[in-house]
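Common to both upcoming complexes is chain A, partnered first by chain B, then by chain C.
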Partner chain A sequence: MGVWIARAVISFALLAMASQTGFAKGGSQILIVGNQGISGSISRKGLAAIYLLRVVFWPNGQRIVPVNRGASSALRVEFSTLVLHEPPMALANYWSQMHFQGINPPVVMGSSRAVVAFVRKVPGAIGYVSATTPTDGTKVLGRLP
Partner chain B sequence: MKIFTRAGLSRVFGPSARRMLFVLSALYVITYASVSAIVLKDLSAYQLAAERKRLALLATGKLNLITREFFHQTLNDRAWAHLDVMNDLVTDDIDKRIVRTLRQMKTEYKLPGQIYAFNAAGTLVASSSKTKPLRGSLPRSWMPVQGHSHRFIDKSPNPYSGGMTVAFSQAIYRSYDPGRVGGYLVVTYPWAAVRALLRLNGGHLVLMSRRGRVLYNGTGIDLPPATLVQLRAHARRYSLGREAYLASYGSRSVQEFPLHWQIAAVNSVGAMQGYLHAAWRQIILWAFLLGAPMGALILWLAYRFTKPLADITAAVADISYSTDLTRRVEVTSRGELGVFQAAFNSMVSRVNELIAEKTREAEVLEVLAMTDSLTQLPNRALFINHLEQALPRAYWHKRAVAVLFLDLDRFKFVNDTLGHDTGDRLLRAASARLLTCVRETDTVARLGGDEFAILLDEVASLDDVAPIARKLLESLVPPFMIDNGELLISGSLGISLYPDDGTDILSLMKHADTAMYQAKQLGGNTYQFYQADMSAHSLQRFNMESDLRHALEREEFTLCYQPQVTMNGGHIVGVEALIRWRRPGAGLVSPAEFMPLLEETGLIIPVGAWVLETACRQHQSWRKAGLPAIRLAVNLSGRQFYQPDIVETVRRILKDTCMDSTNLELELTESVLMKDVDPAVEVLRSLTAIGVRCAIDDFGTGYSSLSYLKRFPINILKIDQAFVCNIPDDANDAAIVAAIITMAHALGIETVAEGVETHEQMTFLQARGCQLAQGYFFSRPRPSDEIEHMLDLRLL
Partner chain C sequence: MVEGRGNGTRGDFRDVARVVVVWSWFVAQACGVVPVAIAGYRLGGGESIGNFNLAGYSSIVFSAPHGSPNDLTLEGLSLFAFGHQSRYVNPFLEAEIENAQIAPETHSGKVAIERLYNDFNLSSATTLRAGKMLTPVGDWNLTHAAPLVWTVTRPLATYYSFPVFVTGAALRFQRPADVRWDAQFYVQPGRDAFAEGGDYEPYQYSQVAGFNVHYGWDPLNRLGLSVQTASIEQSGGASQILGSFYGEFTTGPAMWEFQANFTDIHGGTFARVHNHEEGGFLQAVYPLTDHWFAVGQGEIYQTQEYVARARRWAVGVVYRPRTAISWKLEYLDAKGPPVGEPTGVYAAFAVLF
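The block that comes next holds the complex of A and B.
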């Protein structure tokens, strides 16, 4: 219970940061999409915490469902490098450690379209797609870099 | 082999042996059949048990196979439902990742059916089917029941493919939202695949759902509800139509999957009986394969044991039919039967010896019984036997049989005077001669004494018999040389013929005897054929003979006396005692009638002695009465005379009666004396020596040589009345009488004329110098009291 409270407090902090700093716009961009039920924007740090499953609830108590791309996906490599500052392969050890703790890694979708479709359908879902992807029915939370 | 033919079988195997064969065969058949039946029954029971077990194994195996298969499908379904890719249900499989995954699984696992993925709303999102992109929603029946994550869907139509399927549905829980059902994954299993699993070799399966619905019926027969009820109740056996079925049920050993199907493996008993039919064929085949050597063995055994018995039986039958005791059986066996055979042989040998012995003895006895020991001729018994055989033969052949009785004349004389030895030799010689006169088929027998009987078998006629009779008599004519002396003998022959003179043995023999007697009456040395009137005579003679035998003791004989008187003066100087027979019922019988019978029967001996003694006693009583001593003449018969003890007898009687021997005068006929001269002379001398005077009776009738007269110490000649009765008229007789008287004078012998009846005769005799006379002219024979009276009165 203590952990969940701590995480909740942290997520608030992250959201506060994000709203202050914001994301750079333009270039080869990655769109951060979220379910329409999600409010506000998100910082890079917050994003990293979400994808490393350190933050699992939205401030409104909604469970965060991060959506990843396949390990071989170029977008994921780019996303990982930008947000987590490490390529996906380097995180293998981290995930196996997490798996050992009973925590599954984020849901993997095969395409940006699928990510959009998933995020649209699943409340609390968050994903990243290429900038060219139509994001109908989702809420763009930010752009990378 | 011969024994296998019907006739051979009955010849070699008797009824007992055949019974044994039958019993042994029956024993074999019964044993084999019962053993076979037991084996078959056990085999059948075993077969049933084995089949039941096999069916149970089949059913269990199939049930477990299906259960395991279904279990695997369930596991797969569950595993697949947990795949991350199922998260794509949310995106409606926008990337077709689920579809790809499902197809990959179908290929990889060689699934017979399809896999369908539905999202949480029940919309079909993906399937492994390649045919067309399917759209649809989850059928209600496929949805897991509330509170369950998975469901087994029993046989039902597949709404997507159309065929019947079994299906396994599994709830999908998304990895990001494990608390809620995110969709459904359904794996179908086509019924065709189930059927393929249920395929069987031998027997059939019946598959039923938990509710008793028939899911699969491998029997090919529509099972009626009653049968289904039986099957649901796990009946072990049920009937369907005429066919009986065995049923066994599968029991589940795979517990992980709760399949509530029932599987019954059934098989018709009839189909199963195929094994038994094969067993039957084997048993019957072996019955013959074993039966052939068994039968041969039985036959061989029976042959071994019954052949010697049959041989002995045949030998016994042969012997009893043919009485051939030389028959033997071959000793073929060792052991008890061989001993039996050998014992049988030795028994037959012994019996043969015994019978031969007995036969020899019997033959000897028969010879003894049937032949006359003296002459070796057949005796009376054998003669009668031959006659018995000859008569029927003659009857059939329409031939005659002649019975000849031959009696030797004067044989008694030979026997009496020359002894029995001589008589016997004479009989032997005579029989030998008789035998030469007849054919071999004829019979010459000695009936006894000097009587012979000859049987002439199968004679054509009377004319054939006469020559043989003559021949027989002639054979006796040549003198017999016996004891260096000649014996002259002759025979008297009587003949009776079958069938003219009688048809039975008794009458033939009696008639031959009668005829013989007739021949003897005729003087002997002749033969007579039987004539009917002979028998009356013969009977008369027989009766007389039997009366005579009793006459002496019944004192029927009396004596009367005929005076002998002197020619000169007519004084009684003597009497001749003459016998008279007062036969009861017949009065006085002439001595001429009964004397020959007395002579013949030998009764003359006692009767003669009686006559002599009675006469002497009478003479003494006269003397005591004071009458003058007269001469007493008593006749002696030939037989009496030739008695060896005649002199002694005379002497004894003289002594007993105190008779003066000089007064006794014994008269003998010429023929008696001439029969055998030398002994006669001897006897006469002896008689003379004791003072008895001897007279020749009936002188002149015989054929004695006058020269003998000189040798005989004779005192008196009695001139036969045959001469006397014709004198003096017959010159010849007169001359003979004169010559006799003259001769007697010359020899110093006194002469007595017999039968003087007339004065002329007396005168003639007186003139010729005859001293004494007797006859009716002087006195007939008178009883003793009359003689006494005459003597007292000095009559005549």
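The block that comes next holds the complex of A and C.
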């Protein structure tokens, strides 16, 4: 009986580890897409600075327009955890405070396709989408994780 | 923001017309008349029109102070608009209707210009602000909108006897990427424009100068230090220098906020008991669920006018069904001199739109 319990515990642990490494290997990759007018690539710290509204201009002087997904989006939870190291709810208050101080918070879009369409259209826009989303007309600036 | 929009004067005129229409809609909504929904509008996010964003907040407060009549007040209906036209044209305007009593009697409030300035982005790290603005003394003063703070009543340390507004110029330095230091210097050479003389400005000040330095190691954990000098109007030439240390931090799910001030007052001929003021508050917020929060706050404050210290504590609950909406209920116990709100029960509905 004891051996059976031990096997069950080990199997459960292996399953849990497998699911974690599956995400790390790219089962749920996120693409960072920017308007085609943006040059160069972007680091994760640079991305955090943009979404936390610390950096508001691209090097060419164009105003940055960050795009977020809806608060309940699983992709937003992943992005928020990976890049901003805070859950979306905690940052919602932060963005409201920034808005009250005259800094536009990230624009919210309802789907990855809507993010691509917005980024394609708006100069200076940057967003994140699931890896399976067609990104025609935008520039892929990076991949997460 | 969205570039290449311009169609000259006709385009600008259309934007202004839309601004007027949308603000009228906000006011109608705040008054409970909702004529039509605006496509794509999200509560709390304001409405973007061209390069402008129009937003606001409102708060209705029920007060039941011990020994005084209860009342219901529209504490604030604030509308703010800002735009990002270019690096050098970034105007901001906030106008507010304050303290309009609804019951038991009806009194119209007063309209105040809270902020009116322009930001000149000199570089990615340096901004020059000119006009009327909030002073960076503590976090609370900069983000004082009712839906963004956790209590109905406001700690004395966040406003009492120092200029909460200045009209002049401020130079702000911000290290952009991973180093999160901010510094700001500001000066008001004369008097405050559109001075209100209301609850949050018991004194008038002139010749204000100050600096603020702020460090945040992430968005929810930060510390700041402010130093500010000012001349007190109608005091026979008295001046004051204020030092304030403040911060916000998290421990597990709990969120903490504090501000401690020390003010030295010198010169002048106006009557006062002390030549200094000192004190501060500590606040804790603990999430009970995703939407319910328990709030506790304690404060001790020595003012210049009274021998005794003000000792205040408040406990309450806040229901936030979404970030933009707060329902608050709290009990405040206030001992000592009559500064700030008296002991009683306070409740509020606040919305950011």
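Just so we're on the same page, the second predicted complex is superposed on the first by the 118 of 145 C-alpha atoms of A that agree within 3 Å, B and C clash if a C-alpha of one lies under 4 Å from a C-alpha of the other, contacts with A are read in each partner's own complex, and residues count from 1 in each chain.
Just so we're on the same page, a residue touches a chain if its C-beta (ideal position, glycine included) is under 8 Å from a C-beta of that chain, and two chains touch if they have at least 3 such contacts.
No experiment lies behind these values; they were computed from the predicted model shown.
Trainee: Just from the overlay, do chain B and chain C fit on chain A, or is there a clash?
Mentor: clash
Trainee: Looking at A:Ala49, would you say it contacts chain B, chain C, both, or neither? Reply first, second, both or neither.
Mentor: After superposition on chain A, A:Ala49 lies in contact with chain C alone.
Trainee: Is A:Phe118 touching the first partner chain B, the second partner chain C, both, or neither of them?
Mentor: In the superposed model, A:Phe118 contacts chain B only, not chain C.
Trainee: In the overlaid three-chain picture, which partner chain does A:Glu86 touch, first (chain B) or second (chain C), both, or neither?
Mentor: Second partner only.
Trainee: After lining up the shared chain so the two structures overlap, which partner does A:Val65 touch, if you call chain B first and chain C second: first, second, both or neither?
Mentor: So A:Val65 meets both chain B and chain C here.
Trainee: Touch test for A:Met109: chain B only (first), chain C only (second), both, or neither?
Mentor: A:Met109 contacts chain B only, not chain C.
Trainee: In the superposed arrangement, does chain B or chain C reach more residues of chain A?
Mentor: After superposition, C is the partner touching more of chain A.
Trainee: Taking 76-84, 238-246, 346-354 or 580-588 from chain B, which overlaps chain C after aligning chain A?
Mentor: 76-84
Trainee: Enumerate the residues of chain A that count as touching chain B in its complex and touching chain C in the other.
Mentor: Residues 65, 104, 108, 122 of chain A touch both chain B and chain C.
Trainee: Would you tell me which residues of chain A are touching chain B in their complex?
Mentor: My answer: residues 65, 104, 107-111, 113-114, 117-118, 121-122, 125.
Trainee: Once bound in the complex, which stretches of chain B touch chain A?
Mentor: Checking each residue of chain B against chain A gives 84, 87-88, 90-92, 94-95, 97, 175-177.
Trainee: Where on chain C does chain A make contact in their complex?
Mentor: For chain C paired with chain A, touching residues are 1-4, 42, 44-46, 48, 53, 55, 57, 80, 82, 84, 87, 90, 92, 119, 121, 124, 142-143, 145, 147-148, 174, 176-178, 180, 218-220, 290, 323-324, 352.
Trainee: Show which residues of chain A lie in contact with chain C when the two form their complex.
Mentor: 45-46, 48-49, 52, 54-57, 61-63, 65, 84-86, 89-94, 96-97, 99-102, 104-105, 108, 122-124
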